[in-house]
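Listed after this line are the structures, all set down as structure tokens.
Consider the two complexes below, in which chain A is the common component and chain B and chain C are the respective partners.
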Partner chain A sequence: MNTVTLTVKKQPELYLECENVNTDAFAGKKAADIAKLGAYQGKEILTLGDFFTITGEAGATAADTKIIVNGDCTKMKYLGAKMTGGEMIVNYACDMYTGSWMKGGKLTVNGDVHSFCGLALAGGEFTINGNAGNYLGAAYRGDWRGMSGGVLRVKGNAGSDVASFMIGGEMIIEGDVDIHLGTHMEGGKIILKGNANRRVGGQLVKGEIYVFGKINVMMPGYKPVGEKEMEVDGTKATFVDYLGDLGERHPKRKGETVYGHLYMKK
Partner chain B sequence: MPKEVTDVICPFCGTLCDDLIVSVSDDNKTILGVKNACAIGAEKFNHQRQPGRVKRPRMRQADGSYKEITYDEAIDWTAKMLVKSRKTLMYGWASTSCQAMSIGHEIAEKCGAIVDNCATVCHGSSLIAIEDVGVPSCTLGEVKNRADRVVFWGCNPAHAHPRHMSRYSIFPRGFFTVKGHKGRKIYCVDCRYTDTAKCADEFIQVQQGFDYELLNAFRTAARGEALPDTVGGVPKEKIYEIVEDLKQARFGIIFFGMGLTHTMGRNHNIDIAINLTRDMNDFTKFAIMAMRGHWNVTGSGQVLGWQYGFPYAVDVSRRDQARHQTGETTSVDLLNRNEVEACFYIATDPGAHFPVDAMISSSRKPTVTIDPHINCTTEISDIHIPVALVGVEVGGCAYRMDNVPIETRKVVDPPEGVLTDEELLTRINKRVDELMAKGGA
Partner chain C sequence: MSEYIIKNGHVFDPTQGIKGDKKDIAVKDGKIVDKVGSSAKVIDAAGKTVMAGALEVHAHVAGPKVNAGRWYRPEDKHFDSHKKPGITRIEGGKSIPTVFKTGYEYARLGFTFAMEAAMPPLYARHVHEEIHDTPIIDEAALPVFGNNWFILEYLKNHEVENTAAYIAWILRQTKGYGVKCVNPGGTEAWAWGLNCLTIHDPVPYFEITPAEIIKGLIEANEYLGLPHSMHLHQNDLGNPGNYKTTIDSLKLAEGIKATNNFGREQVLHSTHLQFHAYKGTNWGDFESGAKEVMDYVNKQKNLTIDTGNVTLDETTTMTADGPFEHHLHGLNHLKWFNVDVELETAAGIVPFIYDPNNAVFASQWAVGLEIALYAKDPMRCFITTDHPNAGPFTRYPRVYSWLMSKKVRDERLNSFKKADKVISATNLANMDREISLYELAAMTRAGPAKCLGLSKDYGGLKPGMNADIAIYNINPDKFPSSGPEIEKAFANVAYLFKSGKICVEGGKVVDMGHKETFWVDAKVKENKQVMHDVREKFLRYYSVNEANYPVPESYAPHQHIISVDATKA
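Presenting the complex of A and B:
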């Protein structure tokens, strides 16, 4: 696997749209070619070379490419978005859409990410070793298909509207979340190790949410149906099983109504 | 001999009352009186004759004072600002006509700007919910002629849309609602006992920030499932009783306002209210409608929606695509994050409505404001360009809150030499073309 290292040499005055900073765009290119890739700042089209010092060269395909980004990326959008393979490590906080529409590969951010990161994640591994903003792993605005595959792990806290319209995959939040976790969820699995503010699993059709901490206010559409002993992300514990959201539509399978599950650690 | 202009469209709120009668002086220059309008609507016409109106563009000087300049100078300055800026916020549009908007959007496309309207601090959250789950709605005429269950949730038309209740929602007698008020059951859900609540048959006081939970409880009750004893301060017996009554409706309507759009959860409150409406359609006919405030803000959503597919916060800074993301391309976020380089405000007063931090950020950028009046925004602008009052001094198309387009009427002439929005934007557009042909500002 070949490695390309990007070091920020100049900060954008507005925000930079780094949709060309991912393993797929770099694949098969040398440092000089990568420096020529375009990046929008408002209506102005600049190149990656204007903002980054680029060393190394990419592999022949995305899967053979590793990208390391050093320096302050708080004004860079779309880092690692739409990547399908390979590896990318960002050693700083990044702005919006980081790792959105990812289909494969491994993306690690050693810092915080802003809102709309991991949108509609379809595959691969996305790890945030910091905090995340709102709409983490949610659907793009107006879409009914949120995160559908892959693993998204946040070491810190996340904001509101996390995993909205989730239809598959697994999300692990090791810290706390604000309101609206898993709203409109229709599949997949969310593991929340900290606390949630309110409105967990509102309008949830299918899927599983595991909460290790507390929820400030429980949704009225959830009803406890028993207890279960389970091992969740390496922790063995007893969980109270709630069915829901009883105010939402639910499909039938083999004549039986399928509900979503909210498991609260005892 | 003063003459009377009838069937005038009111240029104030989203109700767009179309039965105003305006008395105009002989020379067609002064409005003498307004009949049928509410107090706010009448004031809109009375402004026309107020002394001290700005009739020529003004430019801010280094010492903070304003100097009168010509329209040509103002147009040249504005066009240069738009061409030079890498990202411009073009915000407002709610008090102008759809025709003016379409010219504005042409400028935005050429100059790589972001077009946003008042929905961004108003019913934007309703529009997000509609993008997510759609909306089963109707026209106000249907409400007047059919509705026998009316729910006002988090809105107070008694103050915000003063003639809404008498024209459409509570009192009028319609084709199938011959008994008027007596034939309708009115519910008001709010955290305060408002003046609208006083007109309602039943007032449901919900704890602030618990609308989502209460709507969820309504949906759960409609499916016959069990509920906790109280939800948001409302006993479960009451919830079951109301849901059963709503199911008995021949035609039900939910009107909602800022009480849902600007409390915890915002778009999710609307989202679940829309889904409750959808659920009620399993039993009867039900519709839901946003109480749009600013006059033609619905029209701005319509024109943007028709041209770009998004109703507000449309980013056309990149030539290849139009983008929209609430939280990113919305005015307040753009200003707070310093993501734009210049501001162009038209037909709205963000200075009075935006958070202070956003306006502090705006005041540090080159700013042009196009507005007939002096307002909070004109005072932090580099240039203030006065224009004719749309709906009073010039006609044009406007959309009512139920998305019905209405052609507004001109009742008096604008002051001599004052341009209309359309004329001004056309000239700015032409100047932008000239500058771009020369290769920039």
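Presenting the complex of A and C:
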């Protein structure tokens, strides 16, 4: 696996749209070619070389490529977005759309991410070793196709509207979340190790949400139906099983209505 | 203005019967002329196809419903919204493009005129704001009448003269072009949670039937002698078994003759016929009814139709047929937008994915193509996608490729996941017809121009007509054989002239032209009854004051008014 290292040398005046900073865009390119890749700042198209010092070279394919990004990325959007393979490590906080529409590979951010990161994640592993903003792993604004695969892990807290419209995959939030977790969910699994504020699983059709901490105010559409002993992300515990959201439509399979589950750790 | 001479192109012009002969076209002062001086700029069109600019007869491209689609579907324009080099602005959106993209894309496809198919009179200002901002192409808009309280009350007593006077008043207030009628009675019934699925279902409260509304509007339209005929979106859209209602509605035009000074021969334009040509009783035994419907259309000379071809894309459905959109939302559970427009109409919006793996959507695709292929008179059948309902208009090149090449359409048909089911439910597999370039010119140029009453200036290349000319990189002697090649050739004109100016060159927009907004000013005898009713309705029901209702001239600064005198009718 070949490694490309990007070091921020100049801060963008506005925000820099790094749609070309991912293993797929870099694959098969040398440092000089990568420096020529375009990056929008507002309506201007500039190059990655204008903002980063680039060393090393990429592998022949995305899967053979590793990218390390150093320096302040708080004004960089779309880092690692749409990548399909390989590895990428960002050693600083970064802005919106980081790791969105990922299909494969491994992306690690050693810092916080802003809102709208990991949108519609379809595959791969996305790990955030800091906090995340709102709409983490949700569908893009307006869209109804949210996270469908892969694993998204946040070591810190996340904001509101996390995992909206989730249809598959797994999300682990080790800290707390604000309101609207898993709204409109229709599949997949959310593990929340901390607490949630309100409206967990609103209009949830299918899928599972595990909550280790407390929910400030529970949704009225959830009904407890029993208890279960389970191992969830390495923790063995007893969970209370709630069916829901009873106010939402639910599909039928083999004559039986399929509900979503909210498991609350006892 | 500069002079041009387009040399050695293969010209297709049904208005003069020119079928691909090599002919030079001269352009001067925005018009096509017999000859130009020796200093005229020469455009070499050797090995290329030359046609008049195309006309869009039915699309939803401007106004509150289109814009609601834009703001509630940010996901439609998220990717590909960067500024590109050149004089164009950012082009966002796929199924509901921005006004700028709408103008550029039509121009790149070779269009020079587009009809906005449904203007709610109350929100006409918004429609005109968007039309004004759409570059290059000329446009007009059809106000909707089929569920308007005035119309329902007048036609209940068959008061054609009052209906006509009210239509003339609305056209002037809204700067509208003609009479659109969407799901007659059904949209008003929707306010009661009901619908009108046949032409004999009574409208609640008003006690009138869709049949009376359709016939009355046709008669009022001919009373006024408007350039375009009554433009109908029929009842029971998109439901299996609806072809009977479709033929019943078309029969209402029997015996009515076109009365106008614009060369228009039809009295009824039935739009997006694909959605109205289904047999069967449910989606399981659904079959194509295209043959039955087109057999009727072919023998009735006073009808025109457009196809409404499904393009098998993700798109956004939007119509004044409120109950239908609620029905769609129940099918796909995607976000539903619904609005009621006071005394006039309503609208609904639902995103829709015509998945080719689904036998129903694939069959709808086939029905749309059958409609065009069964049409005996290409001057009365026009190609549309009911943009964006059956697909975005930017897919016209692909629709053309399916119509013009049996090979291309059979490849698509046979590669459907449920091809067997589609083939048995439709007739498309047995159809060998391939639409020629000459027929295409009739279906997209001369035909729509005549249908809209614009044949004096549009749709042909006769001296005296507008110099609206599309030149395609297509050599008719070596017509491309693969789908992608046909698509590429139609998607990007080599040149587009709009009123004598080159606006697109090599697929790139190079000039924003000087677009005009068309509307019809119909003069009628003073009608005290109608003016009294208008005053009363504004006082009692409307949320706006009568004085704030009209569209001021500043909203359509480049207006082109077509005057009609109906005072002696």
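Quick note on the criterion: the second predicted complex is superposed on the first by the 266 of 266 C-alpha atoms of A that agree within 3 Å, B and C clash if a C-alpha of one lies under 4 Å from a C-alpha of the other, contacts with A are read in each partner's own complex, and residues count from 1 in each chain.
Operating definition for what follows: a contact is a pair of C-beta atoms (placed from the backbone, for glycine too) under 8 Å apart; a residue touches a chain by one contact, two chains touch by 3 or more.
These figures come from a predicted structure and were not determined experimentally.
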When chain B and chain C are modelled together on chain A, clash or fit: clash
Which superposed partner A:144 touches (first chain B, second chain C, both, neither): both
Touched chain A residues, chain B compared with chain C: B
Chain B versus chain C as contact partner of A:98, first or second or both or neither: neither
First, second, both or neither for A:43, with chain B first and chain C second: both
Which of chain B and chain C A:202 touches, first, second, both or neither: first
Chain B and chain C footprints on chain A, overlapping residues: 40, 43, 141-142, 144
Residues of chain C defined as touching chain A within the complex: 72-76, 78, 82-83, 90, 333-335, 351
Touch list for chain A against partner chain C, complex: 40, 43, 45, 139-144, 249
Touching residues on chain B, where the partner in the complex is chain A: 85-87, 111-112, 128, 131-132, 210, 212-213, 216-220, 222-223, 225-228, 231, 264-265, 268, 271-272, 275, 317-319, 324-328, 337-341
Partner chain B, residues of chain A touching it in the complex: 14-15, 40-44, 96, 115-116, 134-135, 141-142, 144, 165, 179-180, 183-184, 198-199, 202-203, 217, 219-221, 223, 245-248
